[in-house]
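In the two complexes below, subunit A is the common chain; its partner is subunit B in one and subunit C in the other.
Then we have the complex of A and B:
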């Protein structure tokens, strides 16, 4: 029996969402990224992220604990880059300061344990995860894929996240700034911003 | 762990939800608090889904407020009522498979001692009576036999509360419960006495009706575990839902227990007493 290749697409995928890894999606090597389950060159994924952010009706960027807290020198630089990206593309920022299953205000933070509910509550159509530990991002992104039609993007410090529709790996402040530049370029090309020079 | 972990990045400081700002600015991390300060600082515990009048949630609140250095403490739990409040608390928490808590705590303590040789990292097991006295009794006893430097806190509500009211080893003999309609057939397991025999350097039996005693017991237990060896605190945390009393009678129930069948008792070895004297903890009368 020929099995169709599994695609990591916007949901709702259903109550028991299969894990992308179990369905055969593998993580990319350095210099490559994941787009909907396929391994593609990184530049292609950066362009798609910029495109999705600029065309979103209601985008949100969710910085996780690794960006919310000053635990390392790199955290501040990366946080600044993420904030600049959010401001450039007009995305809302909903933080996830930790993973406790406590009561949350969906207007002020994204629920770590029911992120799909926060996404639905705010009608977000594009969501970017950054600075989250992989074990939690995997679960949260799968919940969002299972229960909403939101397009998910993961900016991963390490080896990318197969549960997101688009995922970059080895993300540092520089790589986030590349996305911001791409967003600005797209704005210029579409006439939102004056052209350079 | 660095205290930087509680410092927000400048870029997102304003975006932190209010309860996090309160924890950063007025929490117990940088300036340790005691239960005497309750009400004047942002506590580690959050609103929880426990039943009204829950003794376990009160025990957890008092216990967490008494930790000598919460930022350097990891709580190890196991399934049961205690999980609900502990998993929402703002400190490191790990829930183990049922009964495995003292084995996990032993491993963590050893690992943390290697990773942070210059720093005290407190590992505190905080679980119900089912976790300690029934399903995890062998692991608990063995951690005491081995002399692991961990604190074990039993929140004793004398019943399996969140699964509908089955008898536990800590239910008193004759107790009729939802799922023990004929009454329990054997005595409460003497875990407190077993702790002393098994090598605990410090052991206390206390109820939630005596917050000062409870607070001092937890604090001393953690401090002794750092230096000397295993410690044990057994806290009576009555369950209005399963023991069938009104939620506003929890303290009265605990007071009654303290007078009759759960009398306060503190045991410490000479070594533990010397340790407390050395750090000036014995001056505090409770």
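Then we have the complex of A and C:
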């Protein structure tokens, strides 16, 4: 039996969304990233992220607990870099400060238990997870893929998240700034920003 | 003393450090692994045949190799408390056997569901069907779908290596699941054999609980304090879907462990004479007995090969399907009456009428190589000479 390679694409994927790992998607080693199920050089993924953000009608960045609370110096630096990225590409910021299941307004807040409802209520077409623990990130990204057509991007602190359509691994403030620079370059090249010098 | 040991990476400890011969029991091999594992906390409750190993771990605590150790009220209390220690960010170890495994059963999926890298050694024995303290590994059948990774040691050397490898595999942030390291009780735990050990002045690097797919349970410091509640179902579709996605993540984590099993266990299976038309697939001490049977058959002119299954979860479906693609007879000898390994093999391969389900021994019965050879001869006779000898 010939099995087609599984693609991690915008949904809605279905009633029970298959887990990408169970469908054969393998996480990349250091220096590489995941794009829709394929392992690619990191620069290629960075370019795609910038492209998706610049062309989004309604993008949202969801910072998670790993870059909030100023719990480490690196977290504060990463948070500042994410804020700069959001401002550069005009994305909204919807924090996910914790993972508790609690009574919230899913149209206004996001949690890993019903992120799809938040995405649908706000018509977000591109969603970036940053600084989330991978168990909760993957769980939420699978729900988004299952129930919405949103394009998902994960900027992971550790090993990448295969449930996102694009995922970088080992993300620190420097890598986030690289994405911001790429967004600025693209804007400049397409005439959005005045070229310097 | 732990503070006199040098911290090294798992690969160095397992594969690069020079080793010396020791003539020790399987229980002592467990203790030697714990001595080098830089463990924060171990909790014990005695049960045969596990008691000696956790007694020896207690001695290690007295010598300063562990930060904490105590005897809990029963096995359920052990597994619940060890879960708490893992949630708090500690590297932990415990062990149990047979009825102790069943008594603690509720906690094993809890470990997996909360993504805690607990390492537990299981010294398998009979449960109570009828009551028996003798060797058999039926308890492994009950654990197959708890979400934990399961490695099956053939001998004391495997037991030592697999316990250390378990930490290296499970502490990867994309894996982070409990690991059961199993050995057939008495056969492995109570017999003495040569085990090659790295120096005991080396230990694994410390566990970094921040390098994790879930926050550690530090109620004082962010960002961990925000994880107070596990996902509990409300009666609505959104909650059901979230719970299903959570469960899928546990299964996905096991899938991700495969590349680290290749790195730190040298693969999930080992194949000897894999081109043979007759293949024996076994795990645990049934591998040793099967190896003797293969040798005996060779003397009689029967060409048979052996597949040793080291990782039961995740199960090496693809590897076994590929390794058995050209075999005509596949024999699965087991130390239990249920035949859990046989079911796994049958589900993994095409044309599973090739599988001979047995021989199986239990209740403490040994597995002489002769009964494996007899099963092969019966299968050969049934094939009417269609199988290459």
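The rule we apply is simple: the second predicted complex is superposed on the first by the 194 of 197 C-alpha atoms of A that agree within 3 Å, B and C clash if a C-alpha of one lies under 4 Å from a C-alpha of the other, contacts with A are read in each partner's own complex, and residues count from 1 in each chain.
In this text, a residue touches a chain if its C-beta (ideal position, glycine included) is under 8 Å from a C-beta of that chain, and two chains touch if they have at least 3 such contacts.
What you see is a predicted model; the values in this text were computed from it and never measured.
Aligning the two structures on subunit A places subunit B and subunit C in a clash. Contact with both subunit B and subunit C is seen for A:97 once the two complexes are overlaid on the shared chain. Of the two partner chains placed by the overlay, subunit B and subunit C both lie in contact with A:69.
By the touch criterion defined above, A:105 lies against subunit B but remains apart from subunit C after alignment on the C-alpha atoms of chain A. In the superposed model, A:26 lies in contact with subunit C only, and not with subunit B.
In the superposition on chain A, contact of A:83 is made with subunit B only, not with subunit C. Counted by residues of subunit A touched, the larger count belongs to C, out of subunit B and subunit C. When the shared chain is aligned, no partner comes close enough to touch A:7: not subunit B, not subunit C.
Once chain A of one complex is fitted onto chain A of the other, the partner contacts of A:114 are limited to subunit C, with no touch recorded for subunit B. After overlaying the two complexes on the shared chain, residue contacts for A:188 are found with neither subunit B nor subunit C. Within the three-chain overlay, subunit C meets subunit B in a clash at only one of the listed stretches 5-13, 23-31, 77-85 or 257-265, and that stretch is 77-85. Across the superposed pair, subunit B and subunit C both touch subunit A at residues 68-69, 71, 75, 97-98, 100-102. Put simply, subunit A touches subunit C in their complex at residues 16-17, 19-22, 26-27, 65-66, 68-69, 71, 75, 97-102, 112-114, 117, 133-136, 138-140, 142-143, 146-147, 158-160, 162. Only residues 2, 4-12, 15-18, 20, 46-47, 87-90 of subunit B touch subunit A when the two sit together in their complex.
By the touch criterion stated above, subunit A contacts subunit B in their complex at residues 63, 67-72, 75-76, 79-80, 82-83, 93, 95, 97-98, 100-105, 108-109. Listed in rising order, the residues of subunit C touching subunit A in the complex are 115, 172-174, 176, 211-215, 221-223, 226-229, 231-232, 238-239, 241-242, 244-246, 248-249, 251-253, 255-256, 259.
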